[in-house]
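Take a look at the structures below.
Paired with chain B in one complex and with chain C in the other, chain A is shared by the two complexes that follow.
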Partner chain A sequence: MKKISRKEFIKTSAAVSAAAGIGVSLFPGMTYAKNSSSMNWHKSVCRYCGVGCGVMVGEKDGKVVAVKGDELNPINKGHLCVKSLYLPKAINSKTRLAHPMIRKNGKLEKASWEEALDLVAKKFNQIRKAHGGNALAFYGSGQAETEETYMANKLFKGCIGTNNVEGNPRLCMASAVGGYLTSLGADEPAGLYEDIEKSEMFLLVGSNTAEAHPIVFERIMRHKNKNPNVKIVVIDPRKTPTDQVGDLHLFPNPGFDLAIFNAMAFVLINEGYADKSFVEKHTFIKDNKKNIHTFEDYKKFLEDFTPEKAEKISGVPAQQIIKAARMFGKAKTSMSLWTMGLNQRIGGVWANNLIHNLHLLTGKIGVPGSDSFSLTGQPNACGGVREGGGLCHLLPGHHLVVKEAHRKKVAKVWGVPASNIQPKPGKHTIAMFSALNAGEIKGIYIMCTNPAHSLPNSRKYWKGLKEQFVVVAESFFPTMTTEYADVVLPAAFWTEKEGVYGCTERRSQYMPKVVEPQGEAIWDAFILRDLAKKMGFDKEFAKYETAEIMWDEYRGLTAGKDMNLMGAPYSRLKKVRGLTWPVPTEDHPGTYKRFTDGDPIYDSKWSSKAKSDGRRMWFYGPKAKDGKATIWMRPHKDPAEVPSKEYPYALTTGRVLEHWHTLTMTGTSPQLNRAVPKAYVEIHPSDAKKEGIKNKEMVLVESPRGKLEIEARVIDRPIPGTIFVPWHWPESPINVLCNDAFDPGSKEPEYKVAAAKITKA
Partner chain B sequence: MDKKTHTALSRKSFFKEFVQHFSEEMKLDTSQYNEMFQSVTLPPGAKSVEDYIEKCNKCYDCVSVCPHSSIRVRHDENEKLSGFPIIEPRLETCQFCDDRLCVESCKTDALSSSFQDNIVSELNIDKEICHSFNERLCYTCVTNCPKTGEAIAMNKKGNPEINNELCNGCGICIQVCPAEESAIKIKSY
Partner chain C sequence: MAITGVVILVEPNKAEEILYEVSHLDDVTTYGLHKENNIVAVIEGENSKNLENKINQIKDKIDGILGIFPAYANYEEEIDE
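Moving on, here comes the complex of A and B:
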């Protein structure tokens, strides 16, 4: 019965739209996008997530009026998600900050650039003189351009002399970096998105791909539609739109999934899916103490993680774990994709390791269609911060502050004494904001991010922001962070500046300046340059007249590194749809697979050695030895906060498709606000019944760190015992409740699991 | 056409007639189209448009008791529901609150408790407007639908697809649609 009516209905709707097609346009407000003749279109990159979709920016009379997909871009082939369509609204929003502001008598007041920068320079120099460089800090962003982060790095690490340089990717990608370095020896995936169309099986873990990385999801979906035999396993404590494509969904209790990955390895070995010769030739098997073990030891270790034992830990039926492992093993090629669900955990690096294990164990890596592929949250977290060295232990171009040779090399390029760069890593994000609380750090420069909203347990860190000297460079005003700012500097926004974004798949793409910055806004890199000059680093910053000069200098630092970008000057990037490093020369097309045939580094340095050893891959990364990757024997680890009698629910957070981070951009679009106007807490109907909560009722969600009044959405998306809140709205900042306990390796906090209770408001 | 009951059968026959009507009258202009699928529904408890128009005495009690201001008066001279209490989901949807004060307040049986769990309606997606059918990934309607995956699901192409059998006409999809004009149209019958 249902079927017939649906069929009828489709017929009907086809007729209706045909009829509508005859009449006038039903696209009010959108006509300009179709009428492209009088517009100039510029090739660029989407401002939002880490997928890195190519966009065409439509400019008319000096104003950005439309954004559409770039059909020639290999990532999205013209498709976009709904957010990007409304980007012009963010550019032209009334919430754009037009002029610098200085806090006077507790109130932010309009100021001139001269006055504002003088004040910041004076204050920073005072602090530096009285308390040393380490009393200053920089907190950047995976949304800043590589050039911007590069300027900040030079100013703080090279000139001021502090390694207190961090960025919000610490909160989202650090565990993935740790995972790649410890497992494969080098950061960032070995493959590219094009593996999607070549893969027979997908393991989506801790990722609501459909909402957080929509175009990647669309590619997976299209691929599955064309090839119905493709299998997809989803591991997530919540039902999400991603399930649309899933063949099997495993629902672990939040934070209890490590045992599942070990159990999958157990099944893979026991049922003969392991590629023993690959394991032997290409990997070490190590335990937590880095002792090397045999395959037999590993098998023995896994006996603690039989599917039945994993069921007890994770709550996922053993049969489902076996089924998932079989799907992974049976498929000729498998691809794992994951994001915050694995990374934002105190066991984040371990969880990443365990996913890499599955691929190393079965040899499903380094061949088309097989890869362990971490999805990045922000558009330039990979490019600007991971590659650009925007974290406290890094220097640009995959260099490390602890290595003397690296410090010397970078200092020479920067034109500063090598002794300026401290040999010890600075403070990681949570330590940095704790030091701000404690008064150890007395001045901080925050660029292109909103930590007062986005930090976990954020209320705790408002104290330091309130008490210390805070400079915020931001395109939008107000934000939760500008509330604590002593100086706010208006930054040019996307399309008002040129630069490079590097997305998830190692692809660096160029973005042109299309329009002039609004109001008195200035490009972040120039603000930093001018500030540096005012602080007395005239000589060091005199040469940075254009973005290209900065990029070329940075590019030079990547020569000979695993992330070689020498073949990617602006002149080339302006023509192509990005280049995937390593790209050593200007005639090199970019690399598809790392560590194997076709990778220029492998081909020139390691290929013959590998072949004589009978290997097909050589893991040449800085953390790998003898060209081998590592299979880690990682035991289970509970989340930092396990639901208790007082706080019986596991609170987890995430994104929705329509919004982005702290709403500074998507909040400017009435259409997106209409779509998802406010925060809500998803609670399973059985839990709602138990707590006497009705749909749309106001409830109180409480964790040991704070409480929040919020609307209930009674729906069977989260599993019983779990509640979910999207984190975008400043009126309902759920991050106040999140746990700031962090992974000891990656220092990435555990946003994804907190104990909470929920009661009627 | 039998409109007395709210069964699948009657709906099927309605569809048949509807499709036939369209295939004959393909030259319908947009204004006529708009009239067929507008963004207005009857309040919960109404049996059919005909029945409602016949029985409602325009006392507007339902309008005044609705705690969510979802029920309002239709102001459109050219329309047969003009002057009657209706719901415009784009402005405010019916929340299907437990007490159904609107149904309780109705003294004429225009709104009757035997129909209060559904708003008699058909939904339709305008593919010209819908982002999803125009290479812009969007599933706002799917994720917001209280019966997600049932009343509206993403089909294999990633486009939303409505199942009117399972839809209760709450109109949340119409309210949240991020297109300038809601791509989802609703119609009471």
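Moving on, here comes the complex of A and C:
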């Protein structure tokens, strides 16, 4: 056999991996490229967004030196986006925090673990003794593993006795949770990604799928390429790379799209696309006061949202709204996908409801190819925070703090008195950081997130971070938040710890520990466990010697719940490419469609009742009644700030492909940094002309909350009257200008619309 | 040495033309056009510093490319830097 060089070998491996992703065998019969490497390959999950792509981690001599897409993973089938390729760089980055630090005389100085944890335990106990448990708080992350959030929940809610436990998913998908609960009665989508290849029509709303969720976009794009009759409608105030596959793009004024969804419902009914039988059997129609209405009432309500009236509100031509509605109605199957453009609004829950309405009205739910499917931003926001109960009103496994039976059940498993768990929700994120400002909360533990950068109107909340006792557990240093920390704890990063991530499609996937943590870093769950012991909760935390023990305890709390994970122990998760709940037993394959045939909960409890009522679905979630979903009569709602004479533009924010969130990971890659090195503001050429602004000129962007000097990019991506700024760079933190007004239901802030002005610097 | 294996998804009616263009780029090895509009390619760099730029350049300069999807990346000689 011809000898090949190391370089040739790696090139062949790279080509074989890429080809395998499209189901092509480049060198039939040749196996060396895949199997004979000197590297050890480990099945894992990507660390970035909520799509949940499977990655294979290549380890050699105790270091992660390569990644490749996992061909066997059903989500990405071997493909990755460009961010994931640089994960090895992030692991080995020079910005990794190697040891604990304590602030002394205003400066963070190296400390031992013993010294750091003793200090945190002492301060937390002092605060608790003097001011009660509610003077403490925990702020976590949709990037933390489920086991990590589980430990935090137990320490703060079960032992310290405060429900001041939040996480950054409050800032990105709380409105989606509110939408699912109020419309379908249960959180998280009814379908899976596999609906993509079965759908005839896509409605992409407030989502730059191409850049924020590239693998989902790739699947949509491939599907459309194979099936040119597939239609794609994009609703977004900005042109993005997602448009390259769109058949129709509606450009609403930011925050004014609710009228469009109601107008689409108007057209669907009036042109005969509504499935009245489905509506009658499977839904209630309710107004904002939860009064039940008839279909005729709903039709009458929608008369206020004819396409012509919606045009006046949204700025989108009536004919385009009609065309979009017809595309949705004519297609046998339709799938809606959305993300922050819809969620990060004071009308976020309503907007979510109105998307669900379109599916419920036409019966395009519960069948292959049809679903209302919220995309998530972080890899474990669904698994760790929504399912794991990492918010102020939740307990693990879809349990609620307000329910006595739930508190008793969880307390029993935790081995703590039920009275330890407070019966009222704690403070949601904005309230929590406001309480930190007011001195009502005096100590906070921040894990795996960077709120000093990511909070809206962020400057306002730096005061509390500066004045109170702040502990930050983080893998990277420095961040904007560590600038305010009294103690910084080095946390193990991806591949240095094992645990479970649960992605957008209800899929829980196991990640192995591949290498030892860098420096003195320790796994977050163990840091919390050891802190708990030092605070006096030794008995309660003595048993948590492994991640598997934590997962098994958590898994036990999901038994009998809509998100049943009893069939997903580590032993099984290590072999499979994740499991989609409900998965009640170890021989259950996981669930494709919820609330209908094939869903084990539906099959065992509701199927016969549903069928005797002539129904094909039974919405059995905790917020549904009589197995019915809800079509909501939600009127239009203006954003909290509308452009004015003083601030004539709508400022909106988002991501770019190469970067992720606050740059703690992607900022470690010189390649990604060079690709998009600094913040910029996109302004439409007509607006630039009006303001006398030239391309690449420095400009001042100003909102009622502050100003920022950045470079102008004159481009026809945003519509006239709208300006766009990506939010990644700490030296140009656009979130300082964002509005912290929030949705009254979901408490999710309105990042996506702020009134602003732009002038030459 | 930095090496990435990618699938370049292209518009079907321009596929042959794009394959020709890509195969003549420096540091790019192509492994054929598959399933109508998928080009399998390997992109190399002396180190990882220019890999990302190369991917972006290919995307920006050649008309008809719908997306470039990496599947494999290797940096094994660079991690120790």
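Here, the second predicted complex is superposed on the first by the 725 of 761 C-alpha atoms of A that agree within 3 Å, B and C clash if a C-alpha of one lies under 4 Å from a C-alpha of the other, contacts with A are read in each partner's own complex, and residues count from 1 in each chain.
Keep this in mind: a contact is a pair of C-beta atoms (placed from the backbone, for glycine too) under 8 Å apart; a residue touches a chain by one contact, two chains touch by 3 or more.
Since the structure is predicted, the reported quantities are computational estimates derived from the model, not experimental observations.
J.: Which partner chains sit in contact with A:N288 here, chain B, chain C, both or neither? Use first/second/both/neither.
T.: Neither chain B nor chain C is touched by A:N288.
J.: Looking at A:I715, would you say it contacts chain B, chain C, both, or neither? Reply first, second, both or neither.
T.: Touch partner of A:I715: chain B, not chain C.
J.: Of the two partner chains, chain B (first) and chain C (second), which one does A:A66 touch, if any: first, second, both, or neither?
T.: In the superposition, A:A66 contacts chain C only.
J.: Classify the contacts of A:K89 with the two partner chains as first (chain B alone), second (chain C alone), both, or neither.
T.: second
J.: What is the contact status of A:G78 with respect to chain B (first) and chain C (second): first, second, both, or neither?
T.: both
J.: With both complexes superposed on chain A, which partner does A:Q244 reach: first (chain B), second (chain C), both or neither?
T.: After superposing on A, A:Q244 lies in contact with both chain B and chain C.
J.: Figure out whether A:E211 sits in contact with chain B (first) or chain C (second), or with both, or with neither.
T.: After superposing on A, A:E211 lies in contact with chain B but is clear of chain C.
J.: Check the residue A:N225 against both partner chains and state whether it touches chain B (first), chain C (second), both, or neither.
T.: A:N225 contacts both chain B and chain C.
J.: Counting only touches as set out at the top, which of chain B and chain C does A:K696 meet: first, second, both, neither?
T.: first
J.: Where on chain A do the contacts with chain B and the contacts with chain C coincide?
T.: 10-11, 13, 15-24, 26, 69, 78-82, 84-86, 210, 214-215, 217-218, 221-222, 225, 244, 658, 669, 671-672, 674-675
J.: Give every residue of chain A touching chain C within the complex, in rising order.
T.: 7, 10-11, 13-24, 26, 39, 58, 60, 63-69, 78-82, 84-86, 88-89, 92, 210, 214-215, 217-218, 221-222, 225, 244-245, 658, 669-672, 674-675
J.: Residues of chain A touching chain B in their complex?
T.: 1-2, 4-6, 8-13, 15-30, 69, 78-82, 84-86, 210-211, 214-215, 217-218, 221-222, 225, 241, 244, 656-658, 669, 671-672, 674-676, 694-696, 715
J.: Spell out the residues on chain B that touch chain A in their complex, using ranges where they run on.
T.: Listed in rising order, the residues of chain B that touch chain A are 8, 11-12, 15-16, 18-19, 22-23, 26-31, 33, 36-37, 95, 98, 124-129, 131, 135-140, 142-144, 146, 148, 153-154, 156-158, 161-166, 175-181.
J.: Taking the complex as given, what residues does chain C use to touch chain A?
T.: Spelled out, the residues of chain C in touch with chain A are 1, 3-7, 9, 12, 29, 31-32, 34-35, 37-38, 40-42, 44, 48-53, 55-56, 66-76, 79-80.
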